[in-house]
Structures are given as structure tokens and as C-alpha cells.
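The letters A, B, C and D name the chains in turn, as written, and every chain counts its residues from 1.
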Amino acid sequence: MNVNTLKYYFRESTRSVLRNSWLSVASVGTIIISLLILGSSLLLVLNVRHIVSTVESSLEITVFLEDGLDEEALKRMEEEIKFVPGVARVEFVTKEQALEDLKESFGDKADILSGLEKDNPLPNSFRIKTSEAEMVPRAARQLEKLEGVEQVRYGQGVVEKLLSLTHWVRIWGSLTLVVLGAAAVFLIATTIRMSVFARRREIGIMKMLGATNFFVRMPFMLEGMMLGLAGGLVAALIIYFGYLSLLNKVAVTLPFIQLVNDPQTLYRVLGGLLGLGFGIGAVGSAISLHRFLRV
Amino acid sequence: MIQLYNVSKIYPNGVKALNDVTLHIKKGEFVFLVGPSGAGKSTLTKLICREELPSRGQVLVNGRNVARMKNRDVPHLRRKIGMVFQDFRLIPNKTVYENVAFALEVTGASSKEIKKVVPTVLRMVGLEKKAGMLPAHLSGGEQQRTSVARAIVNNPVLLLADEPTGNLDPETSWELMKLFLDINRRGTTIVMATHAWDIVDSMKKRVVALSNGCIIRDEEGGVYGYEC
Amino acid sequence: MNVNTLKYYFRESTRSVLRNSWLSVASVGTIIISLLILGSSLLLVLNVRHIVSTVESSLEITVFLEDGLDEEALKRMEEEIKFVPGVARVEFVTKEQALEDLKESFGDKADILSGLEKDNPLPNSFRIKTSEAEMVPRAARQLEKLEGVEQVRYGQGVVEKLLSLTHWVRIWGSLTLVVLGAAAVFLIATTIRMSVFARRREIGIMKMLGATNFFVRMPFMLEGMMLGLAGGLVAALIIYFGYLSLLNKVAVTLPFIQLVNDPQTLYRVLGGLLGLGFGIGAVGSAISLHRFLRV
Amino acid sequence: MIQLYNVSKIYPNGVKALNDVTLHIKKGEFVFLVGPSGAGKSTLTKLICREELPSRGQVLVNGRNVARMKNRDVPHLRRKIGMVFQDFRLIPNKTVYENVAFALEVTGASSKEIKKVVPTVLRMVGLEKKAGMLPAHLSGGEQQRTSVARAIVNNPVLLLADEPTGNLDPETSWELMKLFLDINRRGTTIVMATHAWDIVDSMKKRVVALSNGCIIRDEEGGVYGYEC
């Protein structure tokens, strides 16, 4: 490619951004808003998923054991439990420990349980974590069949509810993101197309003067890239600083809530926005021109 | 240079603009296209630069069939042709200078060359003072001369001028014709559609008269007129 | 106003919608998408608020009483409690009832509480609802000062957390809606403005032919209204049927979750979308024209 | 009808298009505006229909000062003036018929009247067959005649024609001039900017010659020319 032509492309695209200042502002505005909506929703969904996972990861199964099992039987059971599909971690809890826990949960009403120490009615038990929360109900059913097990509890009812809720949140979150992504692409592409449409005459003239499609397209594509990049950058910056201040605020006023704040995820989101702005800017311009290039 | 064999042009809306036209123009010729309003003069020039495709017949420019040309060869054809459009077709958000420079930029000319050639051409058409103005701020005649400057700036082998003097006073028209004669003498073929009977009469060049899409007269050293 | 002119306005605006079909489709598309995003977010926020209110309304204060208060003292206390600011409902719970409730919460482990019946260690209590959830902590502090009260419990810690969370949800929900509303207005207005921009030449010509500003503006405004109404209608229909099917799905798979489904709220949301589309369509066109009318 | 007192026009970019012009045109006159390209002819017509405001001096049309006119009175002024623009200014997405009808629609004419008048006027300029076509599908001369038809359709008291024959062949030009004479005879004042020296010479009407923004000659029954 010719150096003069390259220079022309860059000169022409920057000039066009400046001369069609109103169109440029409108396009960048649309890009910023679309990407802001998309980015915020992405972060919202990521956080809801994060919280949902945190809740799920606190789910556990308690296996109450028959009385009078000896050391060896317990060892064997623990091995058997570890072989149940989905089981990730097993912890043995003595009846004494169980009573302590129960007392603690009663707080200052614990005295109603005093006197039980001598004849502790609570059984020994295993506390079990599964590798994935969805496996809790199935694993529980398997555990019931083991020898020496008196009863299996895992918050039946509540866990199923919680799981179907988190399942929904995941699916609908992803769906929302896909739809919003498509919407952002449509909005940005439409703006760019309208901006090209407003200058369609110019394109026909250029073609009549012997410009190749590529020659006409390049400045428009560069312009689209610049506007897309500018919009993406502004959106990414707003989201970055907005999210940081949100993290701070939440840390102060809602210290019990743990938001996603690993830098890698955040940078990936911001990079995605930037890339999306850039990409739609370039591709949108190229495609929009197509219709007016047939001269 | 240009050969048309039994060319007809029917526009998509059914208007028959050209009807079985056969015409040969040799390299270096100066041809006036005359005829009443709506006769098909502009259509004929549009077929030559492939703005429109013929409905029937063959159009050959420089020995190449325009209709069967590959899409990517069209720009190269157009760069060899200088065109003065009846409606000027200036790019609205470029200045006079930039409009003329654009015809060079598409060929990949260096900015050094552009800076040398464009002012010269603008001086030829008397627009050196208007170089920095936008087309919308020009008078009709100034716009027309910008269009002419753009057409001749890269020394085309063929100049297609569609009514280039329609918005010019007689004096300026004559200066333009002298410029055209000059270009023609240096080897450029010129096809000019016009209604300026005084110019056609006194230039004594080849005159092709169209009426209702048919060539009704084709005379070397002819005068204006389209009655047989 | 002249009848002929009125006829002209309607003929002209419908013609323009059809002739500039690409611009019309793009505008309607943008309107639909903007209103869909706004409408869905509105419903999401309304539902989150609804759920939050449901959770809040289950908050209550338990006032444990000293042993050995007589009927009269209890009556007097109940009266006093009703006078505490924020208290909405008071219910007396006997120690026997309290033990029953405790047993129930133990499920099939209830037998560890057997034997307590004879010497019930639980106190009598009042269960108190406040008119608003935020009043729970303050009312609890007031109740502690009453005579005959042994202890006041309301899930200290958790309730404060919950309240600050719901407070956040409310504030950020409203803020999000305001921002999204502004974004929708910007997106729609920009599209309309671009569509007018693409036809700016025509406006100048009309003015030169002796058309008044009003005469030029009317068809554009009618066109904007039509497109806005069309977009608002499509968005409202999508949201209406989408939300109904969501309600159905939720009722089947997440029966424990109660979404907003009172028809009045729903119709108000849909009406708002329709009105917004219509309004921005009309006003947006009128304002966009302004710049090109100065001829 | 039209009075200009010491009118100057300096465009925002500093170009001095008119310089201290004083001109009186009486009702029913037929005036040719001549002058070289860029002399200020179009600017003069633009001042009369208030497309541009004078930088200095007064422009009176029908006894009313155009510059001090209220915004809402401007449309009424323009409806009384028929304008043929040098660049036609046809509305691109309206057909020929609709473009002409538009000039009646702004006045609130009934569709019955429009259906009667528009075809008549189109016949006068020879476009009855092109009524349903869009401007982009017309030849240059056909566009120009559409612009003329639109200008005369509502019987203006003043016809401002800016180079109305620039894209027309001599024969059609003469028919148009006969039409103009007819209209003029029925009382319409006509101001026509033109480069058609043959038409000016043989019509023997009042000729106002502009050059560099100054009136250099104003002659009743004059001929084309702008040397003093």
C-alpha cells in the first residue's frame, strides 16, 4: 500500500470526526450509553452469581450416626462416604461437640439445655461438603443407604428451593447478558449506519472519481474505530471508577456483603467493553457502507 | 477510444433514454453532444464512465467492454476519465482545494505533487481565491468551475463534460473552451454535452445530435441543431 | 386551521414513514430496545422492592417477660407497648406456646426437649410487629425500658444488616431507573435527530417555499408520534406477554417466590412506556427540527 | 415593488458579494440581471426573498422592510414570490407532481384545486409525462423545468428566476421565455438572472448589469454585456 494513501486515510478520518462533530458526539454518546448499560449489567450478573455461589458453598449435609459404632467402623464409614459421588470434604463431629454447637445457637437461653450433658441425647455425626451445591440432594440420598446411618439432614426443602433459585439466576443472568449484548450491538450499529447514511451522497461521488471500495471504506472504518474506541474508553473508565467507589461504599455500609473484586475479572470486563466498542465501530462502518458503495 | 454498438438504455422505471445507438469516437477527437432536454446526452456519458450499464448493446472504452468489466477494474477506468457532472457533485464537506485534491488522492499521489498541481489547475479556472471555501458558499458558476478543475487535474485521457458552461457567463465560457482546446491539443479526447449553440457553431468540431434517444445527425465540423 | 392543511399533515407523515422506510425501521428499533431495557429494569426493581418488603414485613420483636406477672400487669403492659412509637401489632405468647413453637422448629429431634414441659424454663412473651421495618431497632430499645421486661430480642445484628441492605436496594434501584430513563430518552432522541438530520435539506427548501415553521414541523411531529407509539406499543406488548410467561414459569418452578402481579402496577408500567415513546417521538422531532428551521 | 437602498452584503466568511447597491423595480417590470460568474446576481435575489439578510442598507419588497420583518411574516412574503433556484432545490423524496403541489399545499389550497392546477402547469413546461418521477431520475433540464413549474404554480406577484435556462436547449429556452412573457403580461413582476446573451439581446427588456457586487449599468431595452 502506498504511503500517501495511508497518510490520506488518517488525515481524512480525523478530519471527518471533527467536521461532522455533531454526528461524532451523537455516535460516541450512543456507544457510551450502550456499553455502560451492558457493562453494568455484566457486573451485576457477575456479582449476583458470586453471592449465589457463596451461599451455595455454605450448604452442607449432616449424617447422624447410630449409637455405639467403634473407631474402626467410623473409619470405614468415612472411607465409604468419600466414595459417594460429589462428596468433597468429610468432617467427624462427636456428640459432645454437637451439644456445644446447639448451646451456642441458643445464646443466653442456653441454660434450658443444661442437665443434658450427663445423658447427651444427640448422636455422633459427619458434616459433608459436596464439590458442587447441586449435588447435595443426590448425595444425601446415596448417604442414606450406607450402613450405620440413622438419619441424613441437609435442610430438605430449603436447599431445593435455593438451588432452583440459583439455577434460575444463572440462566436468566446469562440470557439477559446475551440480549443486552445484542441490543448494544444494534444500537451502536444503527447510529453508525445513520451517520453514514447522512453522508451517502459523498460516497457515491468518491466512487465516480475512481476511488476503490477499499479507499472509500478505510477512512470510515478508521473513524468508526476511533469513535468506538473513544466511547469504549469512556464507558470503561466510568465503570472502573464507579465500581471502585461502589466497592468502597459497600465495604463501609454493607461490610457483610462480598462483591467481586478480583482485578483480573474487572480488567476482563473493561477490556471486553473496549474491544466491543472498537469492533462494532469498525465492522459497523464497513457494513453500513456496503449499501452505498454499489455505484 | 470509445465504441458503442447498438446500445439501448432503459431505466428501471421504464423510460427509454437511448435507443439503438452506434457511435465511434477516436482518440484525440473533440465531440459535441447536442439535443433537446431529455434526449439522452447525460445517459450516454453515464454509460461511458459506467455510472449506468447498457440494457442492450456493447460499450467499449479503450477497447475494453465496460459492461463485462470486473468490479475492481472500474476505479482504474474512472481514474483515466475526467468527468464534469451536470449537477457538479462536489463533496459538500470538503473545500474547493480538497475537492480537486481528492481526484489526485484516489490515485495515490504524494502530497508534494498535490500541493504543486492543484493550485495551478485552480488558477486555470480562475478559482485561486476560493480554494478554502466550501461548495455551499460558492456561486453556481464557481461550483461548476470547481467541477471542471477536478476533472482535468490528473490529465485524463478522456474528458466527459456534461454541460460545463451552463452556469457560466459567455466570457468565462469562452475561456473554458480555450482551456478545453488546449487539453485536446495535448491528446485528451473530449466529449462535451452542451446547449451552448454559439460555442458549437463557432468551434467547428464534430457534432453528434441526439433526439429521443436516437442519433439523428453526426457531422464533422458541424453546427448546433437537431433537426435532420 | 385549514382542513386541507390537516389532511396534508396526515398524508405527509404516513408517506414519510413509508418512503424513508429504513430510517423508520431504525428509529422504531431503537425505541423498542430502549423502552424494553427501561421497562424490564423497572419491573426488576419493582420486584426486588416487593421481595425486600415481604422480607422486611416478616421482621418482628420478641419481648421476654419476667416471671410471675399477673393478668392485670400483662394488660397494662400491652397498652404501654401499643404506645411505643412504630408499634403496629402486639400478640401475647404464653410460655407453653413458646415451647410448642421451639419443639416444632426442632422437627424430629424434638424429643431432646421432652421433660421440659413440667418445669418449662421459657418465659412468657409479646410478639410485636412495627408499622415499618426500619423502626424495629429503635422500638426495641424503647421496649427494653418498660417495667416487667426481662429481655428484648429482634435478631440484633442480622436485622440491622438486612435493613441497610434493603435501604441500598431501594436507593440504587431508583437511581438506576432515573439513569436508564435518561439513557432511553437520549438514545431515542438521538435516533430521531439523526433521522431528521438526514433530511435537513428538505426542511430548508420547504421554508424557502413559504412554509411556516409549524407547517414543516407538524408532519415530522406526527411521524415522530407514530414511530414512538409503534415502538412503545411493541415494547409494551413484548414486556406484557414476556412478564406473564415469566410469572407462570416462576409460579411453577419457584412457587415460594411471590412476584409483583397486581394488574394495576403492570398496566401503569406499560402505559408509561407507551407514553414515553409517544412523548419523546413528538417532542424529539419538534426539538430536532428547531436547528434546521432557521432559514 | 422592490427597492434596494445602499445595500451591501458581506458573507460570514468575509466575501463581499454586494457593494452599495441601489435599485428600484416597479410592479410589472421584466428585469434581466446579468454579470460575470460571482458578480452577486444570486445574492441579490436571495436578499429579496430573505434567504439572506443585507449587511448594510435597506431592502423593501412591496413596501415592507425585509430585514425588519417579523419571523412569522416571512412565509407570507415568500408565498407571494415564485422562485426558480439556480440549484433547483427540488425535494428529493417527492415526485415532480408532489414538488409542484407542495407550493400550493403551503398556502392551504384544497386537493381539488391542486388536482386542477398542477397538471396544467406541468403541461406548460412540457413535463406532463414525468409527473410521477422522482427528481433524481430526471435529466438536468427536466429538473430545471420542474423548478420553474413550482415557481409559477401559485400565480406569484413576483417571479425571481435564477438562471432558469442554464440546462435547457435553445428551443425549450425560448418556449420558457414565451411563458415568462405571458406571465409578465398578466401583471407578474419578473427578475431573471441569466447568462443567455441571445435571450437578453432579443427580448429588449430592462437589463441590470452587476460586476464585483456593483451595478455598473441599468438600461431599459438593453442588451447583454457588463462592460461600462
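General remarks:
Here, a residue touches a chain if its C-beta (ideal position, glycine included) is under 8 Å from a C-beta of that chain, and two chains touch if they have at least 3 such contacts.
Everything numeric here is computed off the predicted structure, so don't read it as measured data.
Chain A and chain C have Cα centroids lying 24 Å from one another.
One finds 67 Å separating the Cα centroids of chain B and chain C. With centres taken as mean Cα positions, chain D sits 62 Å from chain C. In chain C, no position touches at least two other chains.
Interchain contacts close the chains into one ring where each touches exactly two others, per the touch definition above. Pairs of chains that satisfy the touch definition comprise A-B, A-C, B-D, C-D.
By the touch criterion stated above, chain B contacts chain A in their complex at residues 49, 51, 72, 75-79, 81, 83, 85, 89-93, 102-103, 105-111, 150. Within the complex formed with chain B, the chain D residues making contact are 11, 13, 15, 34-38, 42, 86-87, 133, 137, 139-142, 145, 162-163, 166-173, 195, 197-198, 224, 226. Of all residues in chain C, only 22-23, 26, 29-30, 33-34, 36-37, 108, 111-112, 116, 121-122, 151, 161, 164-165, 168, 180, 183, 186-187, 190-191, 193-195, 197-198, 253-254, 256-257 touch chain A in the complex they form. Residue ranges on chain C touching chain D, taken from their complex, read 2, 4-5, 7-8, 16, 19-20, 199, 201-202, 205-212, 215, 295.
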